[in-house]
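Pasting the structures in now, so scroll down.
There are two complexes below, and they share subunit A, which is joined by subunit B in the first and by subunit C in the second.
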Partner chain A sequence: MSGGARLENANPLIFQRTGERLRTANDEDEDVADPIDDREIFDLIRSINDPEHPLSLEELNVVEQVRVRVDDQENTVGVGFTPTIPHCSMATLIGLSIKVKLLRSLPERFKIDVHITPGTHASEDAVNKQLADKERVAAALENSQLLEVVNQCLISNARTG
Partner chain B sequence: MAAGSALLVGLVEEFVSGQQDSKAADTATGLKAGQFTILQLVEALGLHLASSQPQTRARGVQLLSNVLQQCHGDLTEREVDVLLAFYENRLKDHYVITPHVLKGMKALTKCSVLPPGSAVSILKSLFQDVHVQVSTSNLPCQLKGLGADFVFGFVQSVDGERDPRNLLLAFQIARKIIHGGYDLGKFTEELFEVTSCYFPIDFSPPPNDPHGITQEELILALRAVLTGTPRFAEFLLPLIIEKLDSDVQSAKVDSLQTLTACASVYEHKELAEFLPGLWASLRREVFQTASERVESAGLAALSALTACISRSVLNSDSEDYLNVFLDLVLKDCQHHLCEPDLKLVWPSAKLLQATSTASYRASHRVAAAIMPSLIEQYNSRTQVSHTSQLGLKSSEEDESVLLDFRQSLCSIVFSALSENSAGLQITSLRVLTALSQQTVLLLESDVELAVDHLTKLILEEEDAKVSLAVVECAGALACLHPLAFISKMVPRLKGEIFSGGLGSKEHSQQAVRQRCLTALAAVSSRPSVVQESTPVLLQVLTSSHTGTGSFSLEEVISVCHNLQRIAEHAQDTEETGRVFHDIIIPRLLGLALQAASATHCNPVIIDRLTVCPGQVEVPQMDRLLLELEELSCTCDHPFSYTSAAKCYAGLVNKRPAGESSSPVAKALLLRYHPLSTALTDKLFSLLSDSELGSIAADGFSLLMSDSQDVLNRGCNADVRIMYRQRFFTENSAKLVQGFNSAAPEKKSGYLKALSHIVNYLPRQVQLTELPALLPLLLEALSCPDQAVQLSTLSCLQPVLMDPPSALITQLEALVGRTLTLTTSPAMKVRIASLRCIHALSRFPEHEIMPFRARVLRALAVPLDDLKRMVRSEAVVARNEWFLLGSPGGR
Partner chain C sequence: MNDTVALLQKFNAHPDSRCWYVAWNPKGTLLASCGGDRAIRIWGREGDSWECKTLLQDGHQRTVRKVAWSPCGNYLASASFDATTCIWKKKNDDFECLTVLEGHENEVKCVAWAPSGNLLATCSRDKSVWIWEGYLSQSLSFSVDEENENENEYECVSVVNSHTQDVKHVVWHPTQELLASCSYDNNVCVYKEEDDDWECRATLEGHTSTVWGLTFDPSGQRLASCSDDCTVKIWKECQPEGGQGTDTAWKCVCTLSGFHGRTVYDIAWCPLTGALATACGDDGVRVFKEDETADPDQPAFSLSAHVPKAHTQDVNCIAWNPKEAGLLVSCSDNGEIAVWNYQSGV
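What follows is the complex of A and B.
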């Protein structure tokens, strides 16, 4: 996938990393339930590696906390991501990485919707459709080459926490 | 003699044809006893050495070498000469013989009578005929004579080597060659090439590597070679620049660290040519870095480079490279500082900072160039991040550099202090502290203004972080300018403490008082300030006792705490000691004994006494001890009697010699006092008591832990080194034995005690002791007591990082029990068990693959845990386990 020596977007803008989430007194209290919130979802996906650059999705501003919507009661999670350039061929792969990361990290009760930020990609609809199709996502992960690339996007992420 | 040679022939025959290895030792004994000579041995071997079978020849040489290993001390120079010639010749023989030949040669090189020049010839033949590396490092130093030939021989034999053991050896030899002053001659580049082709090292040892060579060792060994001599500079620097382009993070870090290392060896003339290239690479790494490791390595390298160029002595005709280099740096960084777009401001600031910390000249240059623009920045646009850099930067500069900017800096700091933003205030406080460290920078009037600002902040600022920064800053300033604080701050604070306006704002009033008290304690480091501040605190205590003041209990306790803080931090001079001895202690004691009717705070007051430095003799010690003993045994208020017991323990610990609760036992244990054994034995016997067992087990935790309040070094307690290890070695056997013999329902007490003890042991000791204790610890995981589960999990986790083989055989039990604990009612147990499961994912893949599906299924549950902290541990662990055995995973 990323084998080509020529990068599509060789000189991307780099954004500041967010700091660690601050611990509150409630976090330490056994009896208080912490709801799953936007920041928690964002923390799950912000350090996913970009397939092209040695940078995280957060640093490339592909994911932002404002584009994360979670409803703990209704069991829904929505994540919008913004490819760095409108013709980015990595869009599907990035979306798939986000989806896989969330599937592995969230309770089963959640319905996960990963989509491209409206108006930021040439083939937005096609990519969104692929990502929303459970069967196609499952089939993609059967492909060991694709799974390898996805795992590599997630691997350093797991290492740095 | 005839008998001797008959014996010899027999021995040789049995060794070579009869394959009896023990005959070698017999031969050596015979030789030593003088029954025959070494030359006779060679003669007797003659037939076998000339055999057509390589195995027979090998066996013959083996006997000779074995004998030489034991008898090399008895040889004469002539004999050695002959034997060496023989061995050198044998090197050309069949390869099965080579190992024995080498062994024999090694034995010969240990001879004290090694003929001059022989080392050279040994090496020559070694390089010529041997195709495996051998340890040449223990050969004598005649090698230098061999010069370039030796280097060349070395290069040839290392070339293409792949075995990490040989590589490590080769790097060490290469380093010796470089440092030993061997003549590298025209082979400098060859030597560099043959070693640098391994750079950067990418080596992961096989899972069951018996040699224990790590990547780190190889990296360091190679770095020592590459950075060993400036003569490599022309080859190494381009290589580093090239490797910095690599995508592999570890390669970048290694390159940067190597660069840092060589900057300490090189001089400007080696670096000059490559400075633009190096700077471009460094800048890129810091500007676009993906990881903090690369960034900090890059900054360190930049500092080292700058330091290197600054250090160099210039010739009259050479350029000033420092200036050239700094021009480069400033040109690329300065304009970013003024850009409204903040993206590159931080990296630029960091680069400039790294440069300016390197040397005086560099900091002078950088400060002169950027200070005006920073100040202008500040004036035109009050932005937190800009001034933050300013703050960080100025703390690094030298005084004379800043002298020019003193006026404007001070006004910036003071105007920033009155801003509303907490971040800005904290930063400016930090700058103020930094400025104050350089005495010439702050004038008397500035200090007074600063004290005013600080006092105002103490009284008015609600934000906890800012308050903390204010207190720190005040503490630092008070060390240098006590007078201003005595005359301005202390009276203001005192007034505020006693103003006691109750009314509607009672809560905020209390908060203000708290801050005043803390600030008083913080500024009391100089004796002169202590003299002023402690009476204020004592006055609070007195008035609370007589009931005249309106102080709450918490406030009184906080007064005591602050007194303690002063006692701990005040400079330990005679003067301070006298203040304590003459004023504070008598007053406190008076207060305490006067009201011994056990109100809460009495023990707290007495507590503080135990903090006093040992040399200050506490008056009325005996009476106090009696009082305390009675208090601890009769009082039924739990807080009072524990503090009393602690106090008692604190005092006993400090008594010169001679003086039954756990704190007392601990006091003795810390000093490694003989009496402690009796007390711990008592505790052991209590473990099997059905009612007291659990409390007694917790007593062990008390024995092993670091005491927060009284029995620690801060309170000047007498803490002997390694008391924990000693306690463990003396008592672990008793514990295991007790566990084995106890009735099933009483075992939990022992498990609890064990987990407490093991938990407080240093890591190193834990690792060595764990295999033996493992069955017990696994047992402890299923013990219902949450405290036991938690302390067992926390001592298992570090061990799992580097699993001993004993653990692997117990994997089934370990995985099962830790998974069960992920649903424990206690949050801490859930977190600890998830960390253990995370650590388990690093075990050898084939061992844990069978558990993968089960673990993934079980970890789906804590993903929906009530607590976020548990969920995030579960996420990390589960993602690791997903990657296990998956393509692209590990």
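What follows is the complex of A and C.
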């Protein structure tokens, strides 16, 4: 992002991307309604850019499919994300990007909960509370500078898909 | 249970955005709504349906979070994420912006008129509660061209910083000059005026997450709060032990838990019937009735009626009509307003 500034986590671990989803016969059948599942949510968030590095949240293992919980019947989506370091000051921004991506992509009926993987961040309660407060989120997204930063994280490019 | 909540009307009030709040005027004939589209709309009943009488589009630069009618019904106040509060004056079907109250550092979350009509309270994410005093003519029956010169003067008389986080809502006592506020810091504060300055007289602790809404019961003896912890708490003012001093204490005398699946965003106590209605993030509207109990210090409430899918998204606000018993309005993240009729079998 800002060239020349010291990165918080200069040497992140990089993980391998999951392959493409295997299609089943039901997926191809027009008459069978596709319930939204964990994989679909993961596909939405895996390519979100990290604010600091030219890498996706999947490549940094910040998001993993195993930490996505969807209940299509109950209309709930829960995503746990793991900041790369416990004092990551970008945690709220990353959480907000995930939340915004899901708010923009999913049907209105879903209740979306984005939280930090328990035990992985020094201020997880404070960050989780902010992300859960829809009034705070709505006001933050009316801040054009913050909105621009979030949108930058959500730009998909050919490399990260 | 033979108590019911029946849907009378549902209509889209704020296209493609949230409807954050809806308020009845004191006569119960008009509804003011506000939302994420930065607009305020005034709705009036035409036969069986509600028509938009006025659209106020240019008052605010960001979301309008709450609106409040003055006790005389001739003025409307609007609180916005743009950090300002607008006071509007009603002129037939139109409203004109009288003055803009500035001062909060960031989003204003609520505005409320004191029953006396000359005091206003606002609260904000900047953690403060501001009390404003101004002069408004109580009636519009001046001669046509005469405008009261002092009408635009609103002064801030107190800034109180009792909360440690965003203040979400403020509400005035129905009869006394007493104010209550609730916050992201999980507490409720009660304020009184002392020597021309407003101060916090009591901090009500008990909720385990953000407190979103507050409402006094018709007599003003009890306060109900609703929270992100999915409970509703009833508080009562009681004499402290020792009997010294002018401060009274507020105790939690009842907690309603296990009824709401998600955050309870708003709560309203009906001034006519005493029924308690809630607006919840699980899309439901609920009405509670007080049980006949022997001990007034240990009230009990039962769920009287429940509409599980009142809206297709979170219900943000719930309000009882001040004149027509049982008439209830709610609004939602999907931009809709719904009007309901609550009937109690007993």
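Assume the second predicted complex is superposed on the first by the 152 of 161 C-alpha atoms of A that agree within 3 Å, B and C clash if a C-alpha of one lies under 4 Å from a C-alpha of the other, contacts with A are read in each partner's own complex, and residues count from 1 in each chain.
To be clear about the criterion, contacts are C-beta pairs under 8 Å (C-beta built on N, C-alpha and C of every residue); 3 or more make two chains touch, one makes a residue touch a chain.
Just so you know, these numbers come straight off a predicted model, no measurement behind them.
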Contacts of A:Ala126 with subunit B and subunit C, given as first, second, both or neither: neither
Subunit A residues touched - subunit C or subunit B, whichever exceeds: B
Contacts of A:Ser56 with subunit B and subunit C, given as first, second, both or neither: first
Touching partner for A:Val149 - first (subunit B), second (subunit C), both, neither: first
Touching partner for A:Glu135 - first (subunit B), second (subunit C), both, neither: second
Which superposed partner A:Glu40 touches (first subunit B, second subunit C, both, neither): first
First (subunit B), second (subunit C), both or neither touched by A:Arg109: both
Touching both subunit C and subunit B, counted on subunit A across the two superposed complexes: 108-109
Interfacial residue positions of subunit B with respect to subunit A in the complex: 247, 249, 287-288, 290-291, 342-343, 346, 826-827, 860, 863-864, 866-869, 871-872, 875-876, 878-880, 882-883, 886-890
Residues of subunit A defined as touching subunit C within the complex: 108-109, 111, 129, 132-136, 138-139, 142
List of subunit A residues in touch with subunit B within their complex: 13-16, 23, 27-28, 30, 33-34, 36, 40, 43-44, 53-56, 59, 101, 104-109, 144-145, 147-152, 154-155, 157-158, 160-161
Residue ranges of subunit C in contact with subunit A within the complex: 18, 36, 62-63, 65, 81, 106-107, 109, 125, 166, 168, 184, 209-210, 228, 262, 281-282, 312-314, 333-334
